[in-house]
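As written, the chains take the letters A, B, C, D, E and F, and residue 1 is the first residue of each chain.
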Amino acid sequence: MSGSIVVINPNSNQAVTDGLDAALAPFRLEGAPAIECVTLTEGPFGIESQLHSDQVVLPLARLVEARSDAAAFVIACYSDPGIDACRAISPVPVFGIQESGVLAALARADRIGIVAISDASERRHRLYMRRMGVSARIAGERALNMSVDESARGAGTFDRLLEVGGALIGDGAEALVLGCAGLATHRTRLEAALGLPVIDPTQAAVADALGAVLAARL
Amino acid sequence: MSGSIVVINPNSNQAVTDGLDAALAPFRLEGAPAIECVTLTEGPFGIESQLHSDQVVLPLARLVEARSDAAAFVIACYSDPGIDACRAISPVPVFGIQESGVLAALARADRIGIVAISDASERRHRLYMRRMGVSARIAGERALNMSVDESARGAGTFDRLLEVGGALIGDGAEALVLGCAGLATHRTRLEAALGLPVIDPTQAAVADALGAVLAARL
Amino acid sequence: MSGSIVVINPNSNQAVTDGLDAALAPFRLEGAPAIECVTLTEGPFGIESQLHSDQVVLPLARLVEARSDAAAFVIACYSDPGIDACRAISPVPVFGIQESGVLAALARADRIGIVAISDASERRHRLYMRRMGVSARIAGERALNMSVDESARGAGTFDRLLEVGGALIGDGAEALVLGCAGLATHRTRLEAALGLPVIDPTQAAVADALGAVLAARL
Amino acid sequence: MSGSIVVINPNSNQAVTDGLDAALAPFRLEGAPAIECVTLTEGPFGIESQLHSDQVVLPLARLVEARSDAAAFVIACYSDPGIDACRAISPVPVFGIQESGVLAALARADRIGIVAISDASERRHRLYMRRMGVSARIAGERALNMSVDESARGAGTFDRLLEVGGALIGDGAEALVLGCAGLATHRTRLEAALGLPVIDPTQAAVADALGAVLAARL
Amino acid sequence: MSGSIVVINPNSNQAVTDGLDAALAPFRLEGAPAIECVTLTEGPFGIESQLHSDQVVLPLARLVEARSDAAAFVIACYSDPGIDACRAISPVPVFGIQESGVLAALARADRIGIVAISDASERRHRLYMRRMGVSARIAGERALNMSVDESARGAGTFDRLLEVGGALIGDGAEALVLGCAGLATHRTRLEAALGLPVIDPTQAAVADALGAVLAARL
Amino acid sequence: MSGSIVVINPNSNQAVTDGLDAALAPFRLEGAPAIECVTLTEGPFGIESQLHSDQVVLPLARLVEARSDAAAFVIACYSDPGIDACRAISPVPVFGIQESGVLAALARADRIGIVAISDASERRHRLYMRRMGVSARIAGERALNMSVDESARGAGTFDRLLEVGGALIGDGAEALVLGCAGLATHRTRLEAALGLPVIDPTQAAVADALGAVLAARL
């Protein structure tokens, strides 16, 4: 299996794709499958509503279908849009970053907290985690309430992450998931500052993809 | 973080350690952390009872404490013995293969089945998965009812895996976890034969460890 | 609130819409809101896969948006496609027939069984019911394994319903939900033959819509 | 099926029955089953304790048995007293307003809040909702802490409803159930003021009854 | 606290009360509270339906109120009739034999099975155990399908217990609860024959009562 | 069965054993099995960490094996160390005080609160109660944050118990469990002061043991 891991940014903002690409640099290893980050050009500039999330499903499925050379896919939007459709049509593993991020956190601590970008996504995440059957492990979800764009570059993002992370610790969280594809650069520093595991969900999904592809080499 | 991933076989059977070592070959990559498989010499020859599982906890904890150079640990016995103790004392991530194996399967399918070595461990696994809060996702657990030793080398193992895997599919399983550290060599063939994802738990835990160590490089 | 209840058949098979229309005849009452059955012309001829379900979401949302005169909407496909999107944009209540059908059955009995059209939808329904948080009340789901078309008209449908309903009673079901928009004509006879409540989900959703609209008249 | 829907007020306060009757006016439709509100003359003046709730069970069951002409029954006290007994003896559907109210709210929002009359009933409701298996969907319950009588007529009731409803929104409620048979006149105004669905449970149960009776006409 | 433990047989069959009295002989100890078995003369001859269960609530509450000298009460019918009412009015602990029997079994094994007298009570027990929040621990319930009377004296009872107990073991039960007040004489022999803990619920409730009364002596 | 109930203090602090002995005085009854409190001399002076808890497992198992004359065992440390191992090897019932304490509280109230000695054990208790499958009944856990030693003798202990118990009532607790083997002397006074049932877990486990041993005498 010599295909690459195809990480799809379902919004059409190339800067987000570039950020993903940078965040995944440590996962690019000699001999390991390549990690290719692609932009879903049909996607909206940002996925900030249920409708945005729904409208990328068919283009995502088409992209997955077209990339029959891939060894695995990662859908790099925290709503895991199109996960069911892509899995239904893909012969190779498809990972959603919400699912992988949450599961990675569950391997590090008992109760976990989710740092969302905005309150608007809390309900969507809650329903998804209940569907996953892991609600007993969720200490809480709290939002930065910044736009994706602002959170990705703003100087105040780290301070706000510290504040929201601290509140989640107060809720009982013993590990955190960054509920967005664009916060990876803060992960290591936030983990050190808060003293608990912090999971970047895109890294988690790529680790899952790597695990699946490498396992198949035995 | 230049330490290696230390995979501990908590029984004293060096052949099992050697098997782990071989199964993890695909995860040894240029530039990635080394993967070191060690035998817990104080362990029993096989871990086949609750008491066996309990008696390795302190030696495991001592080994973890001694290896302050490690980047991450994997406890490679499907009972995840000593996971709480090792996590309490280790500054680096500690993964148990049962936990990682189950979580990896949950990233591949909705309901999963566990292939155990013997009926004797079913109750222990059930309590552990209930403690994990993921019982809603478990389709069933069925045992090969072979000794660890026999299962590791016996010619009939693959046929028995097919039979038990098929029964779990009948129970509703959409992915399988091999509930033992010594079945990795059958994974790829079983996956192909049964047509659903099959997870080797040691590989899953090492993928988790790899993910944690690589993420920290950003 | 003088608008009508708009029941949307998300597939483009007008015969299905006509069947819905006929099944809802008893709910058309002097003084009550009108019940209008419309066909989603952009829909596939039948919704039989995850992709079919996903591809109707945007057209459904557009239809809901266009019908700003409606008093309530019913999405009349048992997968409840687009329910989140339609709710997010509609100022009036939106009901999905799976959700309403299951809840109506829960008001009639403790443990309920679902009669699906085909095995292919079982996983989708299971995830949806887990997301609803009502899994403890589900005795089982079993499929007729007929095509939607065949089930809607075939002479053997009633016999197959009897058989599958009987099996669900054996699973512990005390009420049944017909997991399809096109089985309403069998409801009364099946209920009598099996001796337990049988819910047609479109009727259930329309009753919910009627309840919401009438309540607002006080 | 030409019988009427018999709504039983299990307390002996005729003013409460008259209130129910008025609240159900919109559900009286030409051609639909009649809705008859009756007072359980053997009931206490108000049902405010566990014992009150228990003492109406046998009289309720006798009334249900006597009204063999009914098409459906609604037990219009939020404790759903006698629901099991009445269902066991009645050949037609019996709805309890707590059960129907909660289920109606679940068809409108994910997490719901209950507005109780007094703290004394919180435990009873909690046990009933756990028995229903829907606890995952309950955001909270808060009490007006007014007597039934006071709440039914007092000028301050609406203000108190606003206050308690707002607190439940703070708890995460996305829809509210009025946990009492006598608050229907406030429903529409409260819904508008709070901006989320508010369910009157008697209306919800009558809608369920209407749905069951009309479905049987096909 | 010198009062006695009052064990109430809520049916009016004095032979059942005498059986309880005999089964509790080992719990009568020098210095311990007396154990007094009383018959609820207003009760039906046997409690075999929901209505029977409901009709004893008020007489039970009156008896509890009258016996203000008691140190604790045990309601010795496996439906735990009137448990909420009696607790609401009694200043001393009230135990129901279903609740105590189930909890005692949970202290002996992970998954437990219930031996019911008849299928008719299965639904009632299931709802009660779900209300208790312990459903995850229930392997199954199966009925002898004998009358209370027959089961209490019939020669075939033990053989039927063996058969039903064996089936529950097949369902995964690791301990059994005898779901009836009149099977105590079979307990020890059944436990020996099946090789797992068997709980007589009246003995379990009396042990709970004894524990509560003795604890208060410190 | 004439053996005694052997209560094992798994720490090596004889003062703790003496305290247990005193707390169990009311359970010593003429004709009942003797209650023998023994100190695990190999244990640490106090069990205050995961490692402490793990290190007593093997010595506990050996002690249980050696005392083949016992009628039942009670492991008198609130972490229930070694409960699985001891049960696996003992032919007689083994009770853990956490399990028995929680179950005893569940027989007295719906939602219960746990008074822990220190925050450090909260996670361990939470995982254990989730494994027990009773999380739906837990209102909360709060810690005294005193050392075991200090809590056992300090003058301020009762005031701190009142304060923490009051906070748990605020969390919704309707009964309390003292989450430590050394607080029994405060039980009766605390119960009176707070007005709700307070369970000493060692007394609860001994009551369970008494129940099991006496039941076997019939």
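The rule is short, and it goes like this: a contact is a pair of C-beta atoms (placed from the backbone, for glycine too) under 8 Å apart; a residue touches a chain by one contact, two chains touch by 3 or more.
Per UniProt, the chains are A, B, C, D, E, F = Asp/Glu/hydantoin racemase.
Keep in mind that this is a model prediction, so the values were computed, not measured.
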{"item": "Set of chains adjacent to subunit C and to subunit F", "value": "A, B, D, E"}
{"item": "Target subunit E, source subunit D, minimum contact steps", "value": "1"}
{"item": "Copy pair subunit A, subunit B: interface residue numbering same or different (half cut)", "value": "same"}
{"item": "Contact-richer chain pair (by C-beta pairs counted) among B-C and B-F", "value": "B-F"}
{"item": "Distance-maximising chain from subunit A - centres being C-alpha averages", "value": "E"}
{"item": "CA centroid of subunit A to CA centroid of subunit F, Å", "value": "44"}
{"item": "Separation of mean Cα positions, subunit F and subunit E [Å, integer]", "value": "25"}
{"item": "Cα-centroid distance, subunit B relative to subunit D, in whole angstrom", "value": "52"}
{"item": "Shared interface positions of subunit C, touching two or more other chains", "value": "127, 130, 133, 135-136"}
{"item": "All pairs of touching chains, each written as two labels joined by a dash", "value": "A-B, A-C, A-D, A-F, B-C, B-E, B-F, C-D, C-E, D-E, D-F, E-F"}
{"item": "In the complex, subunit B residues that touch subunit F", "value": "49-51, 54-55, 57-58, 61, 82, 84-85, 88-89, 124, 127-128, 130-131, 133"}
{"item": "Complex interface listing, subunit A residues touching subunit B", "value": "23, 25-27, 29-32, 93, 95, 99-100, 103-104, 106-108, 132-137, 184-185, 187-188, 191, 197, 199-200, 203-204, 206-208, 210-212, 214-218"}
{"item": "Subunit F to subunit D touching residues, read off their complex", "value": "110-111, 136, 174"}
{"item": "Subunit F contact footprint on subunit D (complex, rising order)", "value": "123, 126-127, 130, 135"}
